[in-house]
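Each of the next two complexes has chain A plus one more chain, namely chain B in the first and chain C in the second.
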Partner chain A sequence: MAQFIQFTLSRAVMAIVTLLTVSLIVFSLMELVPGTCAERYLAFKNTQGSQITVADIEAEKKRLGLDRPFLVRWASWVENVFVRGQFGESCILRLNINQLLADKFWISLGICLAALLAAYLIAIPVGIVSASSKSPVTNNVLRFLSYLGLAMPNFLLALIIMLFSTVMFGDSLTGLFSKEYRDAAWSWAKFGDFLAHAWLPIFILGWSATAFALQTVRALMLDEIGKLYVTAATARGIFGRRLLWRYPARHALGPVINSLGFDLNRIFNELPVVALILTLTESGALLIESLARSNDQQLAGAIIFLLTASIVFLNFVTDIMLALMDPRVRRGLMG
Partner chain B sequence: MSLITVDSLTVQFDTDEGRITAVEDVSFAVAPGEILGLVGESGSGKSVTAKSLMRLNSDNARYAAQSRVVLHLDDRKVDVLSLRTGREMQIVRGGAISMIFQEPMASFAPAITIGDQMVEQLVLHRRISEKEAARVSIEMLERVGISDAAKRFGQYAFELSGGMRQRAMIAMALSTRPRLLIADEPTTALDVTIQAQVLDLMLELKQKVGAAILLITHDLGVVAEVAERIVVMYAGRKVEEARARDLFANPRHPYTQGLLGAVPKLGSSLEEKGRTRLSEIPGMVPNLKKPIEGCAFASRCPIATDLCRKVAPAVEAKALGHFVACHHAPREAIAA
Partner chain C sequence: MDAVVETPRLDEERKRKEAYFTASQGQLIWARFKSNRSAMIAGWALIIMVLMGFFAPFLSPYDPTVAGRNKDYENGAPQIPFFWDHNGFSPRPFVYAVERERSIKTNFRWVTTINYEKRRYLHFFVDGWTYSLIDVRWDLPGTAFDVNFKALTFNKHLFGTDEGFVHLFGTDASGKDIFSRTLHAIWTSLAVGTLGVLISFVLALIIGGVAGYFGGWIDSVLQMITDAVRTVPAIPLFMAMAAFMPDEWSSEMRFFVISLILGLVGWPTLARRIRTHLLTERAQEYVLAAQLAGAPSGHIIRRHLLPSFTSYIIVDLMISFPYMVRSETALSFIGLGLKDPVNSLGALMQNVSKADVLLNYQWYFIPVIFFIALVLAFVFVGDGLRDAADPYSSVKK
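Our next item is the complex of A and B:
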């Protein structure tokens, strides 16, 4: 047990080190964007008609602490993020990033996790059963569906559904909230309204995620089914569902869990496009906006960091799950 | 009366590259309590033959219509190849027959304890409670000489040493008191000292449990040590069968003669025999994807004639209890 705690702690330390490394990379990228936050803001003001002098810029730099050396600024950014959970102010919008992102980050994370969860809830049983199925019909139908899932780009699927819905029901299904709830405080009614809208992005993101997960689960299962211990169990008279679930399925689950983090990563990658098409104003679209339109490095950095942190956290969780499930890992830890 | 009879067994596999004939027209029988050695080069069809006794070949296997495998139990006969459901097959899978494999590590499920796997099997076949099954399992582990059996019972295969895993596998196989133990190259993966220990253990337990053993190996040294009778296979066919003594003293098939020529004399240490492999006859094993015309060994045989290349020799008794599939093997007058 003590060793398990030690393992958890060491994994946590590793996760934090990873996050620090990520923060350094993100912070360096933010620095690489030509011009500082002060210059960019004032240049932006300039286009709005204000008169800006060099002295103004210097004063603004001082105010933002941009005159300090790189490492000091990184350290204070890290301190703010890790200790206080504050991402500071956005360069252009001049708003607190935490407030700007608050709901949006959690909503997009929720949508992605829901897509991931749905994908695996479908892929695990279907993949396990199909890998052991001898029916050519089942296998071909599944193969066709998963090729469709892999081959059809998400944006195309989104457009098809929107078009279909617009023609049939006169509702384009865009957005995440109805008008009346858009700026309302959270309530059960608003949550219900959210769910009524969120199923579509979840479905679209989950579509290809399911196809991927299904392939992973099937491949891992076929791998396990071919192993000698399954033949040996068969030779001992174990058969049917008991054989399937207790032997290959049970043993394929470890590597399946391992693939979770990788798949979340892919869903994140697909989020911005889907969000753009469905005009969801959550972080994926916001990220593109902040990068492309306004060059807002503080905001972009915060978003990239949050997305990466989610993946690092999920990997941390799956590592622990794996250790709990696989005796080879567990015994190695607990002696 | 035989315990199990194999009659005209022919097994083919449907593969992407066509149909492979892995075993062709093989017949033999195992008597109760007997140790029968099944010998042949790698790929000669030993494992496929053995698995047929438990209907354990993969789904692409086709058993020819005339093939028969019959298990003779005290109260009934079981036509093995006509068993269909998983429940029906339990009689040959872990019931009357147990099998141990070459790689004990790979034979245990990695994430289930040794004990759980033993108990599962016992409850399935002996209709005893889990508690009783656990007691029997630990006792069985003790009997195969595993120290600290109660602790090993709760461990996983990866936590045991190679020799101990092999013992645990034997314990598991014999715990259901099978009438036949199939041991498919049980010592190949082990070093010679442990090989000897494992063979001794199998012999000792066989005495106690009263099981017959079908001992598969490509190592003549191993069968020389323990088998009472030996079946030699080549390219999926049975080429010779005789009592071990007769086979070693007077091999009648050119293939067996070639094998024995490459083997140290009987009575040399097991260690020397352990190193003997069956691959020292010049030439190549025929391709099983095409039907073999004539004698399968003809292309490597020093005394092959045109007859051998055209007509496959039938297995015939050439001396008392000594069967050979060779046109040129001398026949002795068989006394009644």
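Our next item is the complex of A and C:
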């Protein structure tokens, strides 16, 4: 048990180190873009009609602490985020980023995780069956389908579904909430309404994720299924589903669990495109808004950091899960 | 009698075996690749598309930029060439003439009608707008990097009409020929992908090579950075960066920055693979021998270690290509990448997201088909190469 705690702690430290590195990368990138937060805000105010002088910019810089050296600012940002969980204020909107993002971030994350779950719920059984199937027709069809999942841009899929639904049902399926629930507090009714709208983005995000997952599961199963221990198990008279699930599948699924974090990464990559199409009100769409129109680096940094943090966290969880599930690792750790 | 027939076959068999055992790695890979039918088909499709991209100006009847727009046929439907109709057969393919009218009858709006009695014959190798097959124009900040190089200037085009016009894939809202735009877009998207792959390849080679060869704390630090870069979701990051690109940047500048961003985010996977390979390889005797002979580290990495898995690197590059093309498209689609006057597949696909287009102008979707074909071809070829380069995959003689 002590070893297990030690293992968990070392993984946690590694996760935090990764997060720190990421925060440094993101912070530096946000630093590299032309213009500072102060200039941006005042330029915005200038467009609203107020007169701006150089002295104003300097004063604003001082107020925001932008005159301090780069590393000091990074350290204070990290301290705010890691210790207090505060992302500060956005550059232009002058609103607290935590309040601005909270709901949107959780909704985005929920949709992405649901898509990931759906992808594996389909991919694992289908992948296992297809790897063990000898029929070339099944194999080729599955292969082609999973390639199509990669090649078919998911915005196209979204457009087709929306077109179909507009023509057939007269409802364009956009948005995440019906009008009456948009500003309401969370309740079961609102949650139900949300679910009724969320299936489409989940489906579209899950589409290419399923294709990827299917390929991974299938390749891993094919590697395992030819191994001697499977033959040995067959020789002992185990066959069919029992054989597949108890022997090769358990080996093959280890790496799958390990790669969950990167699958989430891939889904995040699709999020902005889908969000744009469906004009959802979640992080992806907000990211576009905050970036494309007003280029707000505080907000952008916070969003990218949050997305990365959820991936790192998922990686941490899967590491622990794998350690608990794999008897070889478990025995090594728990004695 | 039997023996006479048997001997040459045995001889052939022996020869084939000999050829197999003496074949170089490249020959073996090629032999395995050739036996993979879907990969071969995809390979041909890919070659055709690349050639189509390169010879785009020759193949396209109209200039894909605003200069070549047809203001009499905006949002025009595709025109399909026929060989025969109710007026009889013609050895020369033709399209129908399109007439535009605005009068009190049409409520003073422009209405286009197809005149089924008037034929517009297609002529081949016609003279048209002037183009250069090799046309490098970089307008980067600072005059030192500006390149303006043109070669192979022609004005012959594969086909065209003597009067009227022909738009095989229709036209877009400003009357630009979608067929011409698609062909040019393939080339741009390929170029962005190639540049992105090259940048990420060089980075992966350096970082993975150093980490794998030196090991120890250098490896640990580099691994940490690699892992961190790998976890950052690329597209949102692109968006963050792309949004700060000033609007006044030239399209070439945008093009370079996008390739650069794609390359800067794409290297970790390959770097990791190179590192793992080097870690196992550097303990081999031939490396020790080279070290004892006094070869410097750079020389050993370059001359001894990297050639040991060139084929894997090539396969990896091939596999990462469709992802680059996809990223470019996604980025352009969101409107943060290459923008409309530039012909990239992403920029073309950006046009399809409007409801108007969905319901009325479905031919805007034709470039999407080319995109799907391009990505599929890359994936199949990449997969075929991976199987072919794997010495443990089942070998068919």
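Structural remarks
In this text, the second predicted complex is superposed on the first by the 322 of 335 C-alpha atoms of A that agree within 3 Å, B and C clash if a C-alpha of one lies under 4 Å from a C-alpha of the other, contacts with A are read in each partner's own complex, and residues count from 1 in each chain.
The rule is simple: a residue touches a chain if its C-beta (ideal position, glycine included) is under 8 Å from a C-beta of that chain, and two chains touch if they have at least 3 such contacts.
These numbers come from a predicted model, not from an experiment.
Legend: residue contacts after superposition of the two complexes on their common chain; A:Phe268 is shown touching chain C, with no touch to chain B. Of the two partner chains placed around the shared chain by superposition, chain C is the only one that A:Thr308 touches, whereas chain B remains out of contact.
More residues of chain A are touched by C (comparison of chain B with chain C). In the superposition on chain A, A:Ala118 makes contact with neither chain B nor chain C. After overlaying the two complexes on the shared chain, residue contacts for A:Ile277 are found with chain C alone; chain B is out of touch. Legend: residue contacts after superposition of the two complexes on their common chain; A:Gly237 is shown touching chain B, with no touch to chain C. Of the two partner chains, chain B is the only one that A:Tyr229 touches; chain C does not reach it. Common to the chain B and chain C interfaces on chain A is no residue. Remark: chain A residues 134, 227-229, 231-240, 243, 246-247, 250-251, 254, 325-328, 331 touch chain B in the complex. In the complex of the two chains, the chain C residues touching chain A come out as 224-225, 227-237, 239-244, 246, 322, 326-327, 329-330, 333-336, 349, 352-353, 355, 358-359, 365, 368, 371-372, 375-376, 379-380. Within the complex formed with chain C, the residues of chain A that make contact are 17-18, 21-22, 25-26, 29-30, 33-35, 147-148, 150-153, 155-156, 159, 162-163, 166, 172, 261-262, 265, 268-273, 276-277, 284, 287-288, 291-292, 295, 297, 300-301, 303-304, 307-308, 311-312, 315. On the side of chain B, the complex with chain A involves touching residues 54, 56, 59, 85-87, 89-90, 93-95, 98-99, 101, 103, 106-113, 117, 120-121, 124-125, 156, 158-159, 172.
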